[in-house]
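One chain, chain A, appears in both complexes that follow, with chain B as partner in the first and chain C in the second.
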Partner chain A sequence: MSGGSRRAATIRRGGPWVAAVLIVAADAYLCVRDPQDLDRLLINAMLALSAFATLHARLLSLASAGFAAIGAYASAILAVKLGLPVFLSIPVAVLLCGAVAMVISLPVLRLKDVYLAICTLGFGEIVRVSIILIPGLTGGSTGANLSTGFTYATMKQTRSWALALTLVAICYLFWSASRSRVGRALRAIRENPEAAETMGIDVVAYKNMAFLASALVAGLAGAFYAHSVGSLDNGDFKFSRAVDILGYAVLGGSGAWFGPVLGAGFLTALPILLRDGLGYGLGFLKDFAQFPNILNGLALMLVIIFAPGGIASAFPRAAEQRGVRRRDLVRPSAPAGAAEAPSRSTGGKGKVLLSVKGLGRSFSGLEALSDLSLDIAEGGIYGLIGPNGAGKTTLINLVSGLVPPSSGKIEWLGREIQGRRAHRIARAGIARTYQNIRLFGGMSVLENVVAGRHIRLRTSLAAAWLRLPSQRREEVEAREEAMGLLDRLGLSELADEDAARLSYGDQRRVEIARALALEPRLLMLDEPAAGMNERETSALGDFIVDLKRQGIAMLVVEHHMDLIMEICDEIVVLDFGRKIAQGAPAAVARDEAVLEAYLGRE
Partner chain B sequence: MDFGILADPVFFVQNVVDGLSRGALYSVFAMGFTLIFGVLDILNLAHAATFMWGAFAGWLVMAKASMPLPVGLAAAMLAGAAIALALELIAFRPLRRAGARAGADKLSPMISSIGASLVMVSVAEAVFGVETKRFPDRVLDPKPFLIGGIGGVRISRAQILILAASVILVAVLGFFIRRTRIGKAIRAVAASPRASLLLGIDVNSIIAITFLVGGALAGAAGILVALLTNDIAPGMGGQIELRGLAVVILGGMGNIEGAVLGGFLLGLVETFTIAYLPGGSDVKDAIAFLVIFLILLAKPDGILGKGKAERG
Partner chain C sequence: MDSLLDVLGLEVRYGNIEAVRGLSFSVKEGSIVAMIGANGAGKSSTLLALSGLVRASGGSILFRGRDIAALRADRIVSAGLVQVPEGRAMLAPMSVAENLELGAWTRRYKSNFRDASGLQGVATDLERVYALFPALAERRSRLAGSLSGGEQQMLAIGRALMARPKLLLLDEPSMGLAPRLVTAIFETIGEIRRSGTTVLLVEQNARLALRVADSGLVLSHGRLFKEGYSAELLADPAIVEAFLGKA
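Showing the complex of A and B:
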């Protein structure tokens, strides 16, 4: 390696740390100069974390300013009008925010991207209008003056300490959650919600949780703001404030919790420093009241265009668990999953797992699948073939719960499961891979597979926060098992790579490993050999047969006919959404209808 | 409470007139909004800031340079078009290029437009100040026409102008989109940018033209609102933004005819709420949100959401 590229690597690794230190130093300078700025800084960091909570779960919510307003006014009213002690008024106000969040999350979180943003923008406006409409309590449009003990100068230090400790506590909660199963699930949702759902992650529940966390943290920041400033004006929480908050989180990056804290530190300090500190040369900026807003707006645009990952992305995979990498594993190549499943006889088929009856699905009048019936038994390998558009992927989507059927039934172990949400179907023991690969792109290969074990892990949020030994043990075990799976698929060398950077064939194998991590009883493989060369394909065939010996049933969609003929016990042929043949490979290969569908009538 | 007004036909007609002219403004604003959404499938949250700059451009030309009204309208539309084009080049196109590399995502353009909007409003505040600007009387004689003599229905010159202008704009846009080559290309890109590209349509140029047209509509709406309310300020976009969103959702995202109808509907509903509901003027600001909320409650993907999802 030449000296130049080594220097470049050093800059790449060291640069972000220097930047982070510079931001912290600038903020420290600010606080020493004017203690009032300390409060502002801490509150902004808290608000940034509130926006982060939603962005991290891929929700563009603009509700943080609204929740901060509720927290601020509620706490102020409780303390001033009802005489509640300040230290009690804050938690009560925060709980109120939580209650409001739970009520509005029911309808609002069903919405997608754009609509969620619009609705939360409307929510902020509603809060603002409501505040104006009840002037008796809030001071209406003129604002509320509140002098509680907490706002007096003598209390300033106590207040700043309380604020700082609260922020540290919140950071701890974010940090510990992000290193647990909970954080991994959220990252999976951010990278690919659909795949996360079919890995058994309850996307809706996690999004609800993220929204609630965001509301609670925003309410807390608002309440502290009220007692720090001493007077409230509903202009404090107008739309541009919501944009500021979004700016902190976007600049900081939605990847890791410390990003938004740094983002808030940067965007709070920069305008002040430019205006005052460096103001000798830029004296005209002193009277330029819009300067901070312009800076915020520009930062928002520049970051989203040129560095969409924000500051956090300069610290690669900082959020992921370190220290339990391969070198720390007790048994690096333990055969995972395999050991647990009792091996069954390879010959005759077991009991029926999945039974599809008269299943149909039409998309705006076009029948993608109609009247399909099929039984899948334990330990059987079922090939699903047919020309493009025959309905093969549709069947997998229907069984995995991503698409509800238009007609017919899907029974799993005798119970009807059609219409269930995908994560519940995954929990029942049905896993799948995707024709167009859906890995969790920003995560390492190992993390991808561990994410697949989500439903087999027990750690709750509380356990993650307490960092209980049981939780750590579970994490280590999950990693061991994931490593075992990667080993079996010949991927262990790639465990630390970013999943999105692997070759096509390797990505397919990672998807299979991730699906197996769920310990499924039925595995549906959608074109697993696409993009693989002959040698890889035949290795995959051996692997699939090996899985069959563990008793896993498989439904394989594939265009490599050699593979299908070799491994399948039974082949189902679809054409235009209908089953045209079913039977042993040799019989299907001779079937008139099949030949016609594939080769056309002569 | 005075129930007499409920039966008063003059009062009723007066509210229809006021509601229609209010609605015409919403329609013109929302048309540009929904046009850009339909083509790009993203929300341009800087549309309201474009609208505000259009109002200021018209005000500068008419109040400061004493130009006649048609020149003011043209200036507002030009300014709106130029700003919207700049937005496309600075805030959206680079993201599309980046999106081609890493998977496209709908949040980034929206965030980018929020940043652009903040810059535009702040620059306006820095240049013009935050306080309200007004037209001198010579620009628009504030004396209304009376239909049916004293005590009859009052129509201001601004209202006549707004209704006439909006009808013309709707007709011209309709013709442009339905009949012209470029209009057809715009519809093709809205349906599928990829397929359009394969068919040899210069997608980037078409998107730029869409922004020009949408921006011109925003600018027109800006100067028309300014003439009606005689109130021009950097914050004026905030008032209409939420209403515009409501109209766009009401009419179906990307649906121009829907936006026109939705605009008139919202204008009428708001006006009648103020007129006939006690405390209506406090409630009217909430109507737009209520519309958004109720529609999305029933159809979480938006009115046209389903069709769009299945197309892909």
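Showing the complex of A and C:
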């Protein structure tokens, strides 16, 4: 390595630490100078964490300012008008925020991305205008002196301490949750909600949870704010405030909890320091009242351009937090599977697991699949072949619950499952892979596979917060199981790599490992050998046969005919959404209709 | 025959991963060259570096004698090196005809695009693509996203041809295609070469690829493991054992 690049590496490693130290030092200086700034800083950090809670699950919500307003006014009104003790008014106000969040999450969380942002911005405006409309309680548009018992000098100190401890507690809760299966599920949703759902993760419930957490934290910040300023003004919670809060979280980085805290520290300190600094050195610029704001905006732009993932993404440890690491393992991983798995029938078929009856699906008049009936028995390998566009992937989408059928029934172990949400179907024991690979891109290979075990892990949020030994043991075991699967697929060397960086064929193998982590009884593989050469394909074939020995039934869509002919017990052929043949490989290979439609004649 | 492309000591790095480590090879004008190797050998990364979608971290890429390693991807296309990406990258909400017309986009740099002769040229090329892929002609007003996998692959190749490439890069054209279509696609690749376009082909279906190609490059761990005429490689026991499997 040349001197230049070594210097670059040193800057890369040390840079973020220097930045963090500078931010903390600047904030500490401000707080020592003026204790009022300490409160402002802590409250902003809390608001930043509220935005982090939603961003971490890729919900672009701007509702934090609205919830802060509810928290602030509710707490102040309770304390001043109803005479509730301040320390009681705060939790009551926070609970109110939670209730509001639960109500509005029903319609709002159906939206995505920029639509969600616009909608939550609307929510914030409704809250603010409502405050103006009830002047009797809130002081209306002129603001009201709702400040409370915290005004005495001694109480001020108590307030700052309470605020600081609360912030530390919130940081701890976020930190411990993000290291558990809960955080992993949220990251999986962030990377690919559809794949997360088919891994058995209840995407709607997790998104609701993230939104609720965000509302509670914002409400708490608002409540403290109410007791920290002399009087409340609805202008404190206007549109631009909502954008500021998002700015803290984005600048700091939504990948790790400490990012938003640093972001808030930076964006709170900068305008104050700029104003004062300009006051000393460049007095004439003070005439331009908005000048510090311009510099502030410029700083935000620069950070986003040079570190799009925010400050947090520049830390190597922050990057590691994305994934469980191989070195976390205490014991060497034992290959899971073949040995301990109950070895069931290898040739003859067991009982029927999945029974599809008269299944059909049309997309805007085009029949992708019509009147398909098919039984899949325990421990059987079923090949599904046919020309491109014949409806093979549609069948997998229907069975896995991503697409509801237009007609027909899907029975799993004798019970109808059509119309159920995908995560429930996954929980019943049906796993799949995707033709167009859908891995959790920003996560390590190992964490992808551990995310696949989600439904086999029991840890609750409470256990994660308490960091109970049982939870830690479960995490270690899940990693060992996952490493075992990676070993079996020849991927253990790549365990720590970012999944998105793998070659195409390796990504396919990771998908298979992730699906197996769910311990399915039926595994549906959509073109597992695409992008693999003949050697790799034949190794995959051996692996699939090995899975069959464990008693896993499989439905395999594939164009590699050598593979299909070798491993399948039965082959189903589709053409234009209809079944044109079904039977043993040798029979299907001779079938006139199949030769005509698919295989072609030499 | 002169060499159209000379790659010297190419390196591609993604963070800590060294995908391509000092790869050198040449492609002669008018030939078909197949690049084969295991997953993760660096084949796709090499193509991405050639077409400018990934910046090479070292080495040089001489195309028609000019170093294009630092050029922007669209400039590389207009210089005559065009890639058909893995996974086809359709413009799904646009029609087949619109996809093809956009393939001629870089030709707007040529001054004659706006006058009649230039437009005439695009129209003629459209007809040539439709002649090569009659299935696309039938579906010219259909949305690209509604095509089957095989048709999308044809469209991706057709769209690349609209840029009038001197060198066409194909990344796994047979992936996800039904067996009948695989044979058809390889026949088409032969036809493309006969019409004067040089082809560099990455393919997991190594046996078929070497049959249609004049020569082959075997990659392993980001380096050139072996190169030679297709017939030699197909007859080499070590290559058959490691990359081709049983016949």
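Quick note on the criterion: the second predicted complex is superposed on the first by the 545 of 602 C-alpha atoms of A that agree within 3 Å, B and C clash if a C-alpha of one lies under 4 Å from a C-alpha of the other, contacts with A are read in each partner's own complex, and residues count from 1 in each chain.
Here is the rule we use: contacts are C-beta pairs under 8 Å (C-beta built on N, C-alpha and C of every residue); 3 or more make two chains touch, one makes a residue touch a chain.
Model, not experiment: these values are computed from the prediction.
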After lining up the shared chain so the two structures overlap, which partner does A:530 touch, if you call chain B first and chain C second: first, second, both or neither?
second
Does chain B (first) or chain C (second) touch A:506, or do both, or does neither?
second
Applying the document's definition of touch, where does A:45 land relative to chain B and chain C: first, second, both, or neither?
neither
Regarding the shared-chain residue A:388, is it in contact with chain B (first), chain C (second), both, or neither?
second
For chain A, which side has the bigger count of touched residues, chain B or chain C?
B
Just chain B (first), just chain C (second), both, or neither: which does A:497 touch?
second
If we overlay the two complexes on their shared chain A, which of chain B and chain C does A:112 touch? Say first, second, both or neither.
first
Take the contacts of chain A with chain B and those with chain C, and give the residues found in both.
none
Note: in the complex, chain A contacts chain B through residues 58, 60, 107, 110-115, 117-119, 121-122, 125-126, 129, 133, 238-240, 243, 246-247, 250, 288-290, 293-294, 296-301, 304-306, 308, 363-364, 441
So in the complex, the part of chain B that touches chain A is made up of which residues?
42-43, 90-91, 94-95, 98, 102-103, 106-108, 110-112, 114-123, 125-126, 238, 242, 245, 249, 253, 282, 285-286, 288-289, 292-293, 296-297, 300-302, 305, 307, 310
Complex interface listing, chain C residues touching chain A:
14-15, 17, 36-41, 44, 86-87, 146-151, 172, 175-183, 204-207, 242-246
Within their complex, chain A touches chain C through residues 366, 386-389, 435-436, 497-498, 501-506, 527, 530-538, 559, 561, 598-600
